[in-house]
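What follows is a set of structures for review.
Here come two complexes built around chain A, the first alongside chain B, the second alongside chain C.
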Partner chain A sequence: MDPIDTKDVMTDGTTLVSLVYDGGVMLGCDGKSASAVLIGNRMSDKLEPLHEHIYCQRTGVSAHTEAVARYARYFLDSHCAETGDLPLVETAASIIQKIFYENGKYLRGSMLVGGWDPVEGPQLFDVNKGAKISKKIAWNGSGSFVIIGYLDKNFKENMSKAEAFEFIKEAISLATYRDGSSGGSIRIVDITKDGRKRHYIPHNEKEIK
Partner chain B sequence: MLDPTPKTAKDHPEISGGSTIGIKYDKGVLLAADTHLMYAGCYWYKDAQRIHKVADNCVIASSGDYADLQMLLKKLKDKNDYDIIAEDGHQHYEPKDYCKWLANVHFNKRMRVDPYYNSHIVAGVDSKSGDKFLGTVDVHGNNFEGNYVLTGIANYFCNAILDGNVTDDLTLEGARELMTKCFTVLYYKDKSQGDKIQYVTIDTDSNVNFEDPVTLESKWDYHFTKHLTNDHTRDVRFKN
Partner chain C sequence: MSGGGYDDQFISQIEYAQKAVEGSSTIIGVVCKDGVVLATEKVMPNKLYLPQTDKRIYSMSRHAGLVANGVIPDGRNIMYKGRKEYKSYGDQFGTEITGKILAERLAQYMHFNTCYYGKRPFGTSVAVSAWDKINGYSLHLIEPSGDCNQYWGCANGRGKQTARSELEKEEFKETTCEDALPKIAKILLLSTEETKEKARELEFSVLSDETNHEHKFVSAEKTDEILQGALKAIDEEDMDED
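Right, the complex of A and B next:
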C-alpha cells in the first residue's frame, strides 16, 4: 500500500523549545498551524497532555501527530491501570517511539515528551523520527533551525524557573520573527512535582515581534 | 540546426513578496503593500520596498519575484528617460501606456514559457485629462482596470470586503479603513504577509506621497485561546 501524501497538507511547521530546569521541565511552543500557503489556525495549541504530569509537543503533519498522541494517551492509561502507579516519562516516550518507528512509512512528524515522574524527577525526551534521546534542552520544528545558534550560546544547565521562562520566551520570539511557518502567541507549560501550570503570551506582549 | 539541449526556465518565484491592493478614492488613488520578502520559508527581508515610482504621475506596486521586478523597473526607467529626452522635457507616456507595455511584455515572456513571476498594479493620473488610472497585470499577461485591484492571495480574500464599498465618493480615510480591514484579514490568513504596511497616495494634482510603513493592529488575547486549551478537550484526569 502506497503511503498517502497530499500536496498541500496542514502541518504544524512550528517552533518548539523545551528545557529541564532546576526543579521541573518547561515546554514552549508557538501558535501557528500553516500549510504551504495559508494559515489554518493562528492560535493553535500544540501541547498535548498524556498524563497529569507528562506533556508532549507535536510537529509535522497535524492529523498524523494528533492521532499518535491520542493512541499514546490510551496506551499509557491502560499501562497505568495495570501497574496502579504513576507512569514514567520514559514509558510515554517509548510508546510514542514504537508508534513512529513501526508506522514510519505512513506518518510524518516528531514529538518532544517532557514531564515529571516520582522515580527520576523532571526529564525531557526528543522522539525524532523513531529515535528517543534524553536531553536537557530540546528543539524541533522549522523555526528551530533559525535559533540553534542562540540556544547553543545561551543555554545553561540548572537555571531557575524565572530564567528558564525568559529564555524560552525570547528563543521562540526570535524564531517567530524570522520563520514563516511559526508565529502568533507563545504557549508554555511548566511541570513540577506539584502539577502543571500553563502560560499564554499573546503576540502583542513579545519584545521581538 | 536546432539546439538539442533542453530549454529550462525557472518554475517558481524565489524571493517573493505577498499581495498588494489598490483603491481609487474621490481625489486620487491609494496603493498599499507590505514590506516583507519571503525566501526559503523565512522572512528574509523585513524592510523591502515593493512600491516604486516610474514617472512623475505613475507608480507601480508588485507582488511576486523581486529579481524580476528589479529588472522590469530598469527597463521602465529607460522608457521614462527616453520619453523625456525624445519629447524635449514633456512627458508623452501616460500610466495606461506603461500598463499596456507591461501586459505585452508579460504575455510575450509567457508565450516563450519563461514568465516573469510577478503581478503588478499600475496606478497614476493622466497628465492631460486628470483622470485616475488603476490597472493590473498578472503573470500570464492578463490586463484589467477597475475601481479597485488586487494581486496575489488578496484576490481570494478581499473581494468580499471591497466589492460595493468602493464608490465614486469614497474619501481617503474611508479608503484607508478598507485597506486596514483587508490587510488584517490577509495578515491572519496568509503565510507570506507581514504586519508592516506602506501606503502610497497619488492625487489628481499628480502629487505622489510615499508614507513610512505602519504596523497593523491585531488581536491575540481572546478568552477562549487563553483558557480553553487542550487540557479541557483531551481525556486526562487532572487534580486541579
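Right, the complex of A and C next:
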C-alpha cells in the first residue's frame, strides 16, 4: 500500500452556507481543515473579519485564502482612511475579486463576502476569480453540494434571526454527516447594523432532525 | 527671494496663479433642492469666433462635472486627471468614486504641482459637481494652491465678490435647478458688469434628479433664452431705479 501523503497542502474541504435574513446577514461554516486524508485542524476558523461589519469565508487552500484575506483587510483599511466612512460590502468583494483575478494562476480558492453597510444594508457576495455575484443565499465548498436539495427546499427570503440560525446549523450538520471533507464544529457569525456576534457549536452539539 | 521663494508667508508662484484666476471668467456652482448647477460666462474675444465652441464645463464621469476658469488648458488637464481617477477608483473598488474623494484627489494633484522645482502651479480654479449614492449631491471648489472646500454655493473669477454676495441673498436650497438657472444667469451678468458692452456667452450644466443624477449640459438654444431673459430682467430693474 502506498504510504499516506502527509505533504499535501492544507485545504478547507469546506461547507459554507451564508444567507441574508431580515435585518442582517449570517455566515456559517464547518471546522475541518485537512491535508489529503490527514485532518490538520478540526476546529479551524474559516470566518475572517475584513472590517467592523464585513466578514469573508474561505474555501480552498488555507494558506492562499488566508493571505488574500490579509491583503484585502489591508486594502480595505487604507480605503477607509481615505473615505473616513464605513466601507461598502461591494467594495470589499471587489478588492478580493481583483486579487483573485490578478493572481489567479497561483491561487486555489474562492470566498463568500458578507456584511452590512449604511448604504445598501445587509448583503452577500459570491466571489471567485471570474465574478462577484450578489446573492440572498450562497454556498461553497465540497460539503455544500450534498445539501443543495435541503437549501433549495428550506430557504426563504426574509427569515427571522432564529430561523436563519437553525437553518444554517442544520444545513452544516447535514453536510458534515455526509461529506468526508467537512466536519468538526460549526462557527456562525451574525452581522447586523449594531455589530457582529459570533456563535460556536461544538461537534457533539450538532443535530439532525 | 524671488521666483520660487516665500515672501512674507506667501509663495509668489501661487500668488501669480491666483492672479490669473482673478482676472478671468466668473465661475459659479450652486447646490439646489434637487441637484447641482455649474455655470460660467465668457466674453467673445472677437467677432470671428464661432459661438458655442471653447467650452469651459466638462464631464468627468456620468455623475461628475467640472467648470474651469483662468488658464483653460490647465483646467482641461485637471479634467483629464479627474477622468483617470474616476476610472482607477472604479477598477479598484468596484463602486463609483464619491464627489468628496474625487475633489480631494484633484486638489492633491494641484497642490503637488506647487511643491516641486520644475513644476508650476495650475493657473486655474475648478468647481466640481458630483452625485454619488453615499453622500448624494456635492459641490467643491479647488483653488490653484490646492485648497479644496465644499460649498452650497461658490464663485470664483473676476466677479467673485459680487457673485458671492448675490448667492448669499438667494435661497437656492428651496429652489429646483430649473428655476435656479435664470437667477444664476442674472448673478453672472451682474458680477461682470464692466464687460456688459461686449458680446457675452453663458454656459450651464445641470446634475439633478431630473437628469437621472447625470451631468448634462444645458442646450445652446435654452442657454440663449436664459441669457436674453436675464438681460431683459436687468434692464427692467435699471429702468425702475431711474
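Operating definition for what follows: the second predicted complex is superposed on the first by the 200 of 209 C-alpha atoms of A that agree within 3 Å, B and C clash if a C-alpha of one lies under 4 Å from a C-alpha of the other, contacts with A are read in each partner's own complex, and residues count from 1 in each chain.
Here is the rule we use: a residue touches a chain if its C-beta (ideal position, glycine included) is under 8 Å from a C-beta of that chain, and two chains touch if they have at least 3 such contacts.
Everything quoted here is computed from the prediction, not taken from an experiment.
> Based on the superposed arrangement around chain A, label chain B with chain C as either clash or fit.
fit
> Between the centres of chain B and chain C, viewed from chain A's Cα centre, what angle do you get? Round it to the nearest 10 degrees, please.
So the angle at the centre of chain A is 160 degrees.
> Looking at the overlay, what does A:Val119 touch: chain B (first), chain C (second), both, or neither?
Only chain C is touched by A:Val119; chain B is not.
> Does chain A have more residues touched by chain B or by chain C?
Partner touching more chain A residues in the overlay: B.
> In the overlaid three-chain picture, which partner chain does A:Glu157 touch, first (chain B) or second (chain C), both, or neither?
In the superposition, A:Glu157 contacts neither chain B nor chain C.
> Quick check on the superposed pair: does A:Glu166 touch chain B, chain C, both, or neither? Answer first, second, both or neither.
In the superposed model, A:Glu166 contacts neither chain B nor chain C.
> For A:Leu88, is the partner it touches chain B (first), chain C (second), both, or none of the two (neither)?
Touch partner of A:Leu88: chain C, not chain B.
> Can A:Asp45 be said to touch chain B (first), chain C (second), both, or neither?
Touch status of A:Asp45: first partner only.
> Let me test your reading of the model: by the given contact rule, A:Asp22 touches which partner, first (chain B), second (chain C), both or neither?
neither
> Once the two structures sit on chain A together, report how near the CA atoms of chain B get to those of chain C, whole Å.
Nearest C-alpha atoms of the two chains are 19 Å apart.
> Where on chain A is chain C touching in the complex?
79, 82-83, 85, 88, 90-91, 93-95, 97-98, 118-119, 132
> Could you please specify the touching residues of chain B with respect to chain A in the complex?
Spelled out, the residues of chain B in touch with chain A are 38, 41-43, 153, 188-192, 195, 218, 220-222, 225-226, 229-231, 234-240.
> What does chain A use to touch chain B in their complex?
For this pair, the touching residues of chain A are 13, 31, 34, 36-39, 42-43, 45, 47-52, 70, 73, 142, 146, 177-181, 184-185, 187, 195-196, 198, 200, 202-204, 209.
> In their complex, what parts of chain C are in touch with chain A?
For chain C paired with chain A, touching residues are 91-95, 98, 100-101, 133-134.
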